[in-house]
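As written, the chains take the letters A, B, C, D and E, and residue 1 is the first residue of each chain.
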Amino acid sequence: MSALLELPFPQAAMPRHAARIRLLAFWAVMAGLAIAGTLIVLLIAGLLVRESWPLISQAGPLRFLTDAGWWPRDGSFNMSPMILASLLLTAGALAIATPLSLVFATFTCFVAPAWLTKGLRLLVEASAAVPTVVYGLWGITVIVPLVNRISPPGSSLLAGMIVVAVMIFPTIAMLSRAALLAVPPGYVQAAAALGVSNAQTVLRIVLPAARHGIVSAMILGAARAIGETMVVLMVCGNIVQVPKSLFEPVRTLTANIALEMPYAMGDHRASLFVAGLMMLVLVSALVALGEWVGATGRRGAP
Amino acid sequence: MSALGSGMPYPRERLWTGFLWAGSLLVAAMLLWPLLIVILEGSHALSLEFFTGSPSDAGRSGGILPILVSTLAIVSISLAAALPLAFAIAVMLTEVCRPDGWIATAMRCSLDILAGVPSVVFGLFGLSLFCRQLGMGYSIAAGGLALACMILPTLARALTTALEAAGEQHRVSGAALGLSKPAVLCSVTVPVALPGICAGLILAMTRALAETAVLLFTSGYSDRMPESIMDSGRSISIHIYDLSTNVPGGMPNAYGSALALLLMLTVLSAAVHWGTRWMHKHMTGASQR
Amino acid sequence: DRATGSTQPAEKAAVERIMVVGASTIAPLMSEIAKAYEQSHPGVRIEVQAGGSSRGVLDVRQGTAGIGMVSRELKSDEADLKHVMIAQDGVGMIVHKDNPIQRFTKQQIIDIYTGKLTNWRQLGGDDAPITVVSKAEGRSTLDIFSHFFGVKYKDIKAHVVIGDNQQGIQAVAGSPATVGYVSIGTAEYEAQHGAAIKLVPVDNQVPTTAAVAAGEYAIRRPLNLVFKEPLTATAKDLVQFAQSRDASALVKKQFFVPVAQ
Amino acid sequence: MTHSTLLATSPHAERARPAPQSIADSVPSSGHIEFDDISVRYGNNKVVEAVSLKVPRNSVTAMIGPSGCGKSSMLYTVNRLCDLIPGCCVTGSVAFSWLDNEQMRKDAILLRRQVGMLFQRPNPFPFSIWKNLEFALKQHGIRAKAEVNERIESALQEVGLWDEVKDRLSLSAFALSGGQQQRLCLARALVLQPAVLLMDEPCSALDPISTQKIEDLILRLSRTRTILLVTHSLGQARRVASQVAMFWKLDGVGRLIECGSALDLFDQPRHELTQSYLAYA
Amino acid sequence: MTHSTLLATSPHAERARPAPQSIADSVPSSGHIEFDDISVRYGNNKVVEAVSLKVPRNSVTAMIGPSGCGKSSMLYTVNRLCDLIPGCCVTGSVAFSWLDNEQMRKDAILLRRQVGMLFQRPNPFPFSIWKNLEFALKQHGIRAKAEVNERIESALQEVGLWDEVKDRLSLSAFALSGGQQQRLCLARALVLQPAVLLMDEPCSALDPISTQKIEDLILRLSRTRTILLVTHSLGQARRVASQVAMFWKLDGVGRLIECGSALDLFDQPRHELTQSYLAYA
């Protein structure tokens, strides 16, 4: 950081060509680092493909959707129920966390007294730091028995959605709060001067104006939810099945990897890398969807 | 922008305000619940010896000093590795690439996908690349680097947002003074963006501190005091995980460690806040009003 | 070099490092053994690393680790590795403390786990649907269970699948209608310390660590160390220490059953 | 007088408007806005002290004075926008002689419905041009298609924007030039037919032609609206205001140092600070 | 003439300045900036077409015209700020008769070092007052403590800010009033001693007193600086400019319709659009 303090680009002090070389070096380093950061995902994909190739090359990728079931030790690798579970869990957690986040962000930006805002911000920051295992323990000792009272066994899709929603809440809430704070105060003042009520100002002016930030917060939240492992492993019941209701247990792709990887050998092990690859494909599809929605949103904006 | 104005007797306004209060307090209660459990259960375990001793009897008794040291080392390495990458990406996205161009889109997508990669997969990736291919073995360095990959998207996004907002106003005025882009960036945009950068750092650090699955495969399990970053070392989240799932009777100390983790986060984020405030003052020459 | 587990050539040559990798069930025990061994052998550092039985086998085969930990019998295709047993662990059925059931028959367990018995009433308990907890595929506990009861793991109809023992105890403690199976040592400890569970005998098999130690309890598994010959002298010494009477106290402290009686 | 709907609040328009109390009658009438002992603080920083001022109804009152003397802050006390500014604290009272002040004290929304405001910097919403105007109307319960269309069109014509934008009403308001945006914001305020209009340097970003248009409009509007105008241009104050209030920063706090009819104040300023200030005109 | 260091580039100052080529001599001299066939497009939207204009050195040239006719865009072509605006495309050339145009074409930074700019809205950096000025100097390699101090002080005195802020130089620049901020920005540009100054409506947010100060300053600076001034105030153009360029939007595209000495243009405008526009002054 001392380099920054030292004002690294005095321009007239040195001959022009030296300055230019420094500029070039700066951009080269920046571009190099940025490319390195961007390529990590490819490295990961490469690893997954390498490890799972023996299995994929045997019978093609379709078998992972069409096999009889998930019996990895008997060479039957149908992952479609787990893909579905991952998607359902993410959608559910997002559906719970997003509205609550928006309520929370609105409250702390516009309604809450300063001391309460500060307290709530601290609370949310602290929650983000709670290790996932602790959320898992909370889920298994508090949420699962509660759900169990409604409908056994308790370990279920619903329990997973609730705990994961609480987990991703800090991410979405903090980022959407930042998005709301970035809305120019002029909008709020203009609306107030027109005699528009607080509720309408938020719903029709502030939230729409902040929608890019909110969508981006949701994408990050969804990414966390779909990649979440430990909590899901502990509260979702881990049964490989297509759930018929919220109260039935499910197994997500991530939980599957964490659950079986330490004890898997041979094809079984390769199939877990396929699951990882599947995750990557799934997330890519979601991101592409988000980009597309964002792009059409931008184009269709008034 | 802060307040929308105070109490209005419009019945519908009351309803709205009441709704926001109720919703937020509900959320607060939801968030407090796990935290309270940690605080209540964990406070029994805390004592001076807990912070200064080494774990014994598989962690059921003794302290967590070596674990705190390993954790700090791992988190420092991961931030030190992720920060330059995230900064470079943020600079590329805000200063160089057109926001709708394919390069920017590719970068953003790549980061978003990275954000969605499950932490187990990061663990396997770190194991294969850092521990095996690069020959680091199970070590603090390998764990830190694998963790850096995981927090990169969070950090990059936070930095991008911060630099974007800060650069907007000052890019043109800096250029009009005959300053090169990097000069404006380093001397104007970064100081202005420091609060945002600080928030991003804290968020990333938080994630790094709380992460289990990545380190399970990379940084090791050994609970003795590390002598170098090439030693294996147990991070506090792994310690909590091991105590709560693998060690009968480990639960009290698991909660104690979780509480210690929260305290550690508080101290660290206070330090980051303080550090950035100092830098901000130093770089802008302005006493904050 | 790394292949023999003695790493970091740059460091003082006096220190010899041994890498021990494998089952998370054995890892806490092994690190205690390692600590004790290091204390009497100052020039040795032992790096214990959890990650699963298969990680132990893989790492030993690849040479990344000197010694592997495997919490099950070795399979026929793992004959290239030597193994020694350092402790035993029994697997017992557990139910909620408030469940009136006192004893299972072997057939009842088979019927419960294959979905033929679905209500506790059918076993003389309360009228409540049975929630069946089983272990994840590949876990050695599951292998022991399915081997003893002769249930193919494909036929097991579970409601909840768990990873580690502690999770099973929490699942059973959280609901009176649940049945599961976990490591006996762990269950005994937790039951003594207030967890709402109890161990239930199957036929004449009474699940206690004493019974496992006496060889009277049939549902049990070995906790093994595996390695490739030849081992370094120090590693060989460590393996011997792990089987020794000195290590037995440590084994008992981790609620397993020592082999060196 | 082509756009009578906006200028004169016709009986028809009055009925259609769901506001809970009577507003300006269609003929100019007596009355005033009375500022009573207004002081404004931001945190611990007092910026306006003890200003008492009577603004006659249906006329233009210009507030002039050097930068930072608290003119904008005074405007904010009228429609209670100061409530929105963190740390801002106002004492004293503003009363409208022809409105129910008691009710409006309780309900800022009702108040702001009567008091339109044009900000120093144009701040249209990030909507289309049309939606910017429609939004304000719909928020106040005016939804009948025909009436909405009519009001929007006449407001846009009023500010001289209709011909420039009528073919691209669905374009984003941000695609307009600065001057156009300012006029759009004025139209947005006018479309609600407020009884009082606050204008904070409405012409500072405009060229002379647009300025002239706005000044003409102010003069026309002032027949049925009470207008409070903050301006740095003494020429403008002279051209449009019937009363002028002169503020000055004494000891770091803004005060009203002189107030009177425009003619008197410009020709025979009494206060010496006013005299020296007017010398710059 | 107390602040001679800034106004007259004395031989001493000339030596101290490390710029790689000679700039304004201390006496007004012949030379000009020549705009040759400048056109500006934003995306597919042409906003300025075929403007050719000669701006004499060391004098004030005012650019006037209605909103949106491309005056700001013209300024941006001088210091190539247009390069920073996405989608902006400029054809034609701007040449400085007394500088090495070839080298500056290659290096925009060198160019902007010679061409200072003042924006319509004050845009100080969020630093302390002192740091705002020191920053630019240090970035251009001027680090000698004594010289930095001297330059900053004389620049602040130049813009009449020294007495107002000398006791609180470490205060954030945002704590200044709008007029003070604008003058600070001017000081920031002056401290680099540019040969050319671009000013985009520098007084639109200022009260008459501050305006007068800035205008006086413009007149003084114009003895040794070439100043291009965009203004909406015809009065201001008349007061400070020696040459006036009149822009107009014809068929939606900005064009130069008339250009001449201020006296001629204001007294005998040739173009009828100019005549009607000046009628508003």
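Operating definition for what follows: a contact is a pair of C-beta atoms (placed from the backbone, for glycine too) under 8 Å apart; a residue touches a chain by one contact, two chains touch by 3 or more.
Here is each chain with its UniProt name: A = Phosphate transport system permease protein; B = Phosphate transport system permease protein PstA; D, E = Phosphate ABC transporter ATP-binding protein.
Please read these numbers as outputs of a predicted model, since none were measured by experiment.
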Next on the checklist: Going only through chains that touch each other, how many steps at minimum separate chain B from chain E?
Outcome noted: 1
Checklist outcome for this item: At the largest C-alpha centroid distance from chain D we find chain C
Checklist outcome for this item: If you tally C-beta contacts across A-D and across A-B, the winner is A-B
Checklist outcome for this item: Distance between the CA centroids of chain C and chain E (whole Å) is 80
Checklist entry - So how far apart, in whole Å, are chain A and chain B when each is placed at the average of its C-alpha atoms? => result 15
Checklist entry - Taking each chain's centre as the mean of its CA atoms, how far is chain A from chain C in angstrom? => result 35
Item to check | Multi-chain contact residues (two or more partners), chain C | outcome: 24, 51, 163, 167
Checklist entry - Residues of chain A that touch two or more other chains: which are they? => result 7, 9, 11, 137, 184, 188, 192, 197, 258, 261
Checklist entry - Tell me, which residues of chain D touch at least two other chains? => result 84, 108-109
Checklist entry - Which bits of chain A are touching chain B when the two form their complex? => result 1, 4-5, 7-9, 11, 19, 23, 26-27, 29-34, 36-44, 47-48, 51, 100, 103-104, 106-112, 120, 123-135, 137-138, 142, 166, 169-171, 173-174, 178, 181-185, 188, 192, 197-199, 201-202, 213, 216, 219-220, 222-224, 226-230, 253-254, 257-258, 261, 273, 276, 279-280, 282-284, 286-288, 290-291, 295
Checklist entry - Mind pulling up the chain B residues that touch chain C in the complex? => result 56-59, 131-132, 135, 137-138, 216-217, 220-224, 230, 232, 242, 244-249
Checklist outcome for this item: In the complex, chain A touches chain D at residues 184, 186-197, 200, 204-205, 208-209, 301-302
Checklist entry - Touching chain D in the complex: which residues of chain E? => result 65-68, 120, 177-179, 201, 204-212, 232, 234, 277, 280-281
Next on the checklist: List the residues on chain B that touch chain A in their complex, please.
Outcome noted: 1-5, 8, 10, 12-13, 16-17, 19-21, 23-24, 26-28, 30-35, 37-38, 84-89, 91-92, 96, 100, 105-122, 124-125, 128-129, 149, 152-154, 156-157, 161, 165, 178-180, 182-183, 186-187, 190, 199, 202-203, 206-207, 209-213, 236-237, 240-241, 244-245, 254, 258, 261-262, 265-266, 269, 279, 282-283
